[in-house]
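This is the structure I want to talk about, given as structure tokens.
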Amino acid sequence: MPSQPILRLRNIVKKFGTFTALHGVDLDIEEGEFFTIVGPSGSGKSTLIRILVGMEETTEGEISLRGTRIEKTPANQRPTCMVFQSLALFPHMSVGQNIEFPLKLRKEPPSDRRARALELLELLRLPAEYYDKRISQCSGGEKQRVALARALAFDPEILFFDEPLSALDYRLRKTLERELKELHNRTGKTFVYITHSLEEAMVMSDRIAIMRQGRVEQIAVADEIYGRPVSRFVAEFMGEVNLFDVEGTTNERLHGNGVEIHVNGEARDCGVSLAPGETGTLMVRPEYVRFLAATDTCDFIVRGVLRDEYALGSRLQYQIETSAGQTVTVEKLREDRFTGQPGSEVMLGFDAENVHLIRGA
Amino acid sequence: MPASRSTRIVLLVYGLVTIFFLYLPLVSVGFASISRSRYLSFPIRQYSTKWYGSALASDNVRQILMTSLKIAVIVTVISMVVAFFGALAFARYHWRFRTTFQKLILLPIFFPQTVLGLALLMWFNSIGVIPTWKTAIVAHLVWIAPIATLIVAIRAYGFDPALEEAARDMGADTWTILREITLPLLMPGIVSAGLFAFLLSWGNFPLSLFTTGADSTLPEWLYAKMVSGYSPLVPTLGVMSVVASFLVILAAFLISWVLRARRRARAARN
Amino acid sequence: MERLDNRLGKLSALPIGLILLLAFMAPLIVVAIFSVMPQKVFSFWNLPDFSSYAVFFQQGYYRSLAWSLGMAFAATLILFLLCWPLAYGMAKIFQRFSLVITVAVVMSLFVPENIRLFGWVLTLMKGGLIEGYFRHLTGIALPNPLYNAGITVFGLVYVYLPFMLFPLAQGISMIPDDARQAAADLGASRWQILTQIDLPLAAPGIVVGALLTFVLSAGALAESKLLGGQSIIVFANDIETAFTFGQNWPLGAALSVVLILIIGVLAIAGIARIDLDAIMGRKR
Amino acid sequence: NRNDQMNILCWEGYNTDTVLGPFRKAHPGATVKAESGTSDPDMINKLRAGEIKVWDLINVNQPWARDQLYPGKLIKPLEKARFMPYFDKMLPDFAKPYPLAFADDGNLLGMPQRFGPFSFVVNTDKISRAEAEDQGWKLFLDPKMKGRYGVLTYDNWNIIHMCLTAGLNPFKPVEGDDQAKFRDVAKQIFANSKLQSADMTAMNTALINGEIDAYFTGGTYTASPARLDGASNIRAITPNSGPVGGKGGVVWVELTSAVNNPDPSSLAEDFLEFVQKPDICKQVAFAEGTYNPIAQMGNPDVMAKFSKEELDAIQWDSLEEELSRSLDYEVVSSYDALMQIYTESRRS
Amino acid sequence: MPSQPILRLRNIVKKFGTFTALHGVDLDIEEGEFFTIVGPSGSGKSTLIRILVGMEETTEGEISLRGTRIEKTPANQRPTCMVFQSLALFPHMSVGQNIEFPLKLRKEPPSDRRARALELLELLRLPAEYYDKRISQCSGGEKQRVALARALAFDPEILFFDEPLSALDYRLRKTLERELKELHNRTGKTFVYITHSLEEAMVMSDRIAIMRQGRVEQIAVADEIYGRPVSRFVAEFMGEVNLFDVEGTTNERLHGNGVEIHVNGEARDCGVSLAPGETGTLMVRPEYVRFLAATDTCDFIVRGVLRDEYALGSRLQYQIETSAGQTVTVEKLREDRFTGQPGSEVMLGFDAENVHLIRGA
């Protein structure tokens, strides 16, 4: 990656009246990156990218585009474009006219525009007849695709997407994710993407930023965010997780609440250690938790009662209530279905190499 | 996409200039009202406020103002109601004769008003109605209600029928929908239409001329005075209208402010 | 939905429909019949002829009609250009201040039109507010701007300003902010946003504003009388003369019918070119 | 029965508080309304269109009463026994009695009160009274006057005055070549005028401010307010000579008549008598906006009500002389034809 | 379940001008059921439920509510309520007023209304301060929750949801799914639910209908739809799937294209057989496909080259290109990560009990 980020944000603060939506966000987005922002509803994601495209003024802070300050540059002079969460389609134009709008602004000849619009319709799996359809006659997902097509037609240096695929079905979403990713690879443009689908975030992004209440909580590549979250919040946000409160004992080992700890060898080597008296959170993802037979042994062991089983497509989830009253989730593929009956006593185990310790949480 | 500071300032100045432009002639009218002489020549050298005294003392003036006010208020109220529904028929509902309706409603506006007034007077006469200020209300409505309808229709065009559907889905009947959803959403348009209705009625001369019978309205009286008997009483009444309207608007604001404060207080108590 | 719409449409057209049926049909018929009566009669009980229309064509009335329409058109155009920025400010930018403007405009309208125009005469005339003080201070006399076609148009602009301003502001307030933002984001310049987004989406307001100002200006009388010094005779003046000093009601009625027809054709043809339903995404 | 109300449609003067107030006091149970009209034909149109059921008295210039209202059966004759005595105390011209107050069938159409010579008005600082009177109507055809005068567009008056300017008798049929003469005059007068307006205040103001030096069509009616205001250089002129028997001026007289209301009010005739009282006469003559001589000035009691300034305003000094040089305002026989030529000329 | 369905649809056809959005839909929805509709974007889901709540007229067909025909009953007289895909929140009312709207219609006293609104705000994890917030000041996900709260406040007999959680993050979505499901269990009302999340559909629904181009393709319980789809379309729609074209051979066994078939024992018993010459599609879900060692054997074996590996949260996906040029997807939990390098030759296998045969596709 080049040394200078394409977008550099410093201490971005946004207040709406007395309400602070962004509490000082610092962010560097690299040239050509696929950067994803995730976060709970209302955490300020949309506000952040609305500020970046110039649709909202910052209350404080600096934004530079390749080193040039652009806080005061109006939206139409920034080389950015956004797919709105609210879509913001032009109601007085047909589907085709909406898509062609940025091309028309650039005075491209009508035949080229039309060709490009039809190309995009195809890319987004909309029939060519939709070219003349009115926006008000499109279904929710169709509208969303038109909005996406319009932004792609504009083809700016940096593209912002605010939940662009949220109204689409699973298959179409997969297809379009692939198309977008391919487009990103092919053009080398910078993409900034907001999504609620963790899968989408993990598959597509170079880096992911997690926002929480107007602050950025962690920025890292997908695996790191998934496997080594910096906080309980991040851990919990990125899919199902089991968290156990732990405390350091005098021998720099751990004492767990509701979990039996039998780490073999040097716990310090695998990072699973705490200073005496220090508290922390032990994290393990449900897919790393195994059902143990009575004779099996493991680095960490949890005992409990099987409460529930859910089928989630290709996976099955089991909810086990521990003796400490905590619910532990275990995930298996259908193939490895666990045969225990709800209500039965079970023993769960997981290994030191699959846990992550969040300190001080 | 917030407007830049400079745009804001430029537009603000532009707004002030427009207001200045609107009031400039009224300044002259103001001078005329306090001039001793009825033939103005600026700079004015001799002032007098006697015309204000005589305007306030005059029975005629009081009666004329009352008639004008009565007509304008009633026309306004009826226009607002009629325009609300008319605008829905014009812009919101898709019904069979809508396009015809959209054209027919324009016809009265195309009519030269004097001629409309005269023809209306003949109509009233032929059905045995003796013209008074009440017939003037009908005459004003013929011309003003379509205009008010057009103004409300602007808003009715822009408003999302899904909101009505949502309310209906939750069990609201048509009346409730109109009251709770349609009316509040069209309110800015209705208020605007009401203002228009009031002012058009208040200032109307050609229709009033033929349809008020023996009652006179302010514009009739002023027009006659200007044609055949100008005195500074004319500008005096002009100035007094502005001042009175200012007081009325001020009072309206105070009342609505008090009402809102009370409602808020009541809400806070709950 | 269609059935319900049909029923509600009919019902809500009813109040204004009734008013027009009871109080407008008759005048319309009266005027239409009078227009085909022989010259100078005052009752219907005559054999119809079309002499009044013949008079219209024979006597150069088309000239005042052309003036009326031309000045109305000019006034409408000027008003649109003048009012757009202000209406835009009122609808999208000013917040509190737009209330101030509204109140200010409304208050000025409490003064009947004639007096306001009279005020302009006092302001602009020789020895008026402007010239009088200017001459008093500098000793230089200014040329008189009154009594020509230009000042008549100025008077129309002044009197009908609210008829453009308020509908435009209503129309502009209906433009969704996010559509403008999206256009800007897609690289549209201010001008392009104006032409591609603002103008079409504010179309209902523009149409109503333009319609009202055009129609009212075309039938206006006082401006040309007071400010224009009747240097231009407008069509409304011809109609009035026919009814009053001419004591020729059939001629006046015929002239009115001509005016109604021409304005009607112009206005309805103008509106027909703009499909508001389609623009507002209301087409079914 | 409408004896508890009475409605007057009139020129400004009968509708003022100073006139109506005392009458209302004298008839406390009655509603008395008066509306000031804006032109004679407007008032007549109202009656024609149906307001005959509304009004009890109408006050218009005598030819309109004689030629429009009476033949149209919109007014009815007054009771001679009751009203003839009032003529005795009028100015000599009216006491005869005034012939135009009667219809051809001899019925009394209405009571005369206000009147006034009506020709044109000049600023005597710029054009002396003598010069104006001597030149008469030719003044306006003088190339020197180009752009120096205004036209007060009282259309019916202008037609009369343009006939006189063209050397024609307006009250006789104008045909053939005479119409061409009329057309030339009308075109020239409009073409050379500085401004046209139906607003006499604007006209007077322009005259006072020096914007114009004279205006075509005007008389004591239009000049008197300016004169009372101190502008004694504004003067109504009656030409010394003219085409109709040597006369070039015109005088108007108003008649107040009883409307042919199907449901008449007895108060109407009471009011007609009421306005003959000296006090009230003065209030009618000097209404809020215009000041005019009245026929009743033949009565010394009435005369005593006027001050010197007021008499000067209505040019009392020369009134009789001017009357003698004036024609009676009558109906223009070729009004339609001339009106067409007039409007065409004005439009071009 | 009672014998009479609460909603019975027969041959519902809906045309918009020349375009037919619904081609004759038959459907029975049982009292108290949690019925989910899924389908591609534009397949007519929204149109169908808009017809059911009375917002759109049918072109043809019958709808009965507990045996009574209701096609002509206006929306406000049907005991139904819908969460709009477009939300349709009232812009002139605050969040609280929006939620209270149906209660106000029922003339409940203001204090009760307020209490209920606050309760719903809490249920939907919106802060109580939002009661007075303006709709235009809410984020996308917040708006969606207000729309949901408003419908819940109305509390009709049948609730329709048009993608009610699409704008929410994963965690919140999980939480609200749980709340909705619990509400459904507690109240016993009928819920009809449109979603694009297969997970949501599978976890929550009693039955699922799959729509395709204005027709209902299959209605069944989740497991059946997932495991025994009636068509290729359904199979592909319900998550990742591997499909192989097969043909019956003379001995009523199968001949596969790109897949080696070694079914031991009676194939007919496990349903994996076709009449001679009959064609069909063999379906296996990615989680049932195993990486085989060279010596392993299995009922079905596929050979190919490993092309790609994706991390999807708890799972990993592998794409293998077969010799026949087909892409086969394999899914593993992270724990069972496959260590092969992209480009290497791999052998895949799956068992007869995990396959499903779609005939005639």
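Quick notes
Chains: A, B, C, D and E, in written order; residue numbering restarts at 1 for each.
Methods note: a residue touches a chain if its C-beta (ideal position, glycine included) is under 8 Å from a C-beta of that chain, and two chains touch if they have at least 3 such contacts.
If you're wondering where the values come from, they're calculated on a predicted model, not measured in any experiment.
Pairs B-C and C-D differ in how many C-beta pairs touch across them, and the larger number is found at B-C.
With centres computed as the average of Cα coordinates, no chain lies farther from chain E than D. Note on chain placement: the centre of chain A and the centre of chain C lie 57 Å apart, centres being C-alpha means. Centroid to centroid, with C-alpha atoms defining each point, chain C and chain D lie 36 Å apart. Note on chain placement: the centre of chain A and the centre of chain E lie 22 Å apart, centres being C-alpha means.
In chain C, 2, 118, 127, 181, 184, 243, 280, 282 are the positions where the chain touches two or more neighbouring chains simultaneously. Residue positions 1, 40-41, 118, 122, 126, 223, 226 of chain B each touch two or more of the other chains.
Residue positions 55, 74, 86 of chain E each touch two or more of the other chains.
By the touch criterion given at the top, residues 1, 3, 7-8, 11-12, 14-15, 18-19, 21-29, 31-32, 40-43, 81-83, 85-86, 88-89, 91, 93-98, 101, 103-116, 118-120, 122-123, 126, 138-139, 141-142, 145-147, 149-151, 153-155, 157-158, 161, 174, 188-189, 192, 195-196, 199, 202-203, 205, 218-219, 222-223, 226, 234-235, 237-239, 241-242, 244-246, 249 of chain B touch chain C in their complex.
By the touch rule above, chain C contacts chain A in their complex via residues 176, 178-179, 181-190, 192-193, 196-197, 200-201, 203, 278-283. Remark: chain D residues 39, 41-42, 44-45, 48, 68, 72, 150, 153, 155-156, 194-199, 202, 205-206, 208-211, 336, 339-340, 343-344, 346-348 touch chain C in the complex.
Interface residues of chain E, counted against chain B in their complex, comprise 53-55, 74-77, 80-82, 84, 86, 88-92, 101-102, 104-106, 110-111, 114, 150-151, 154, 156.
Listing the residues of chain C that touch chain D in their complex gives 39-40, 42, 59-60, 63-64, 118, 121, 125-127, 144, 146-147, 225-226, 229-231, 233, 238, 241, 243-248.
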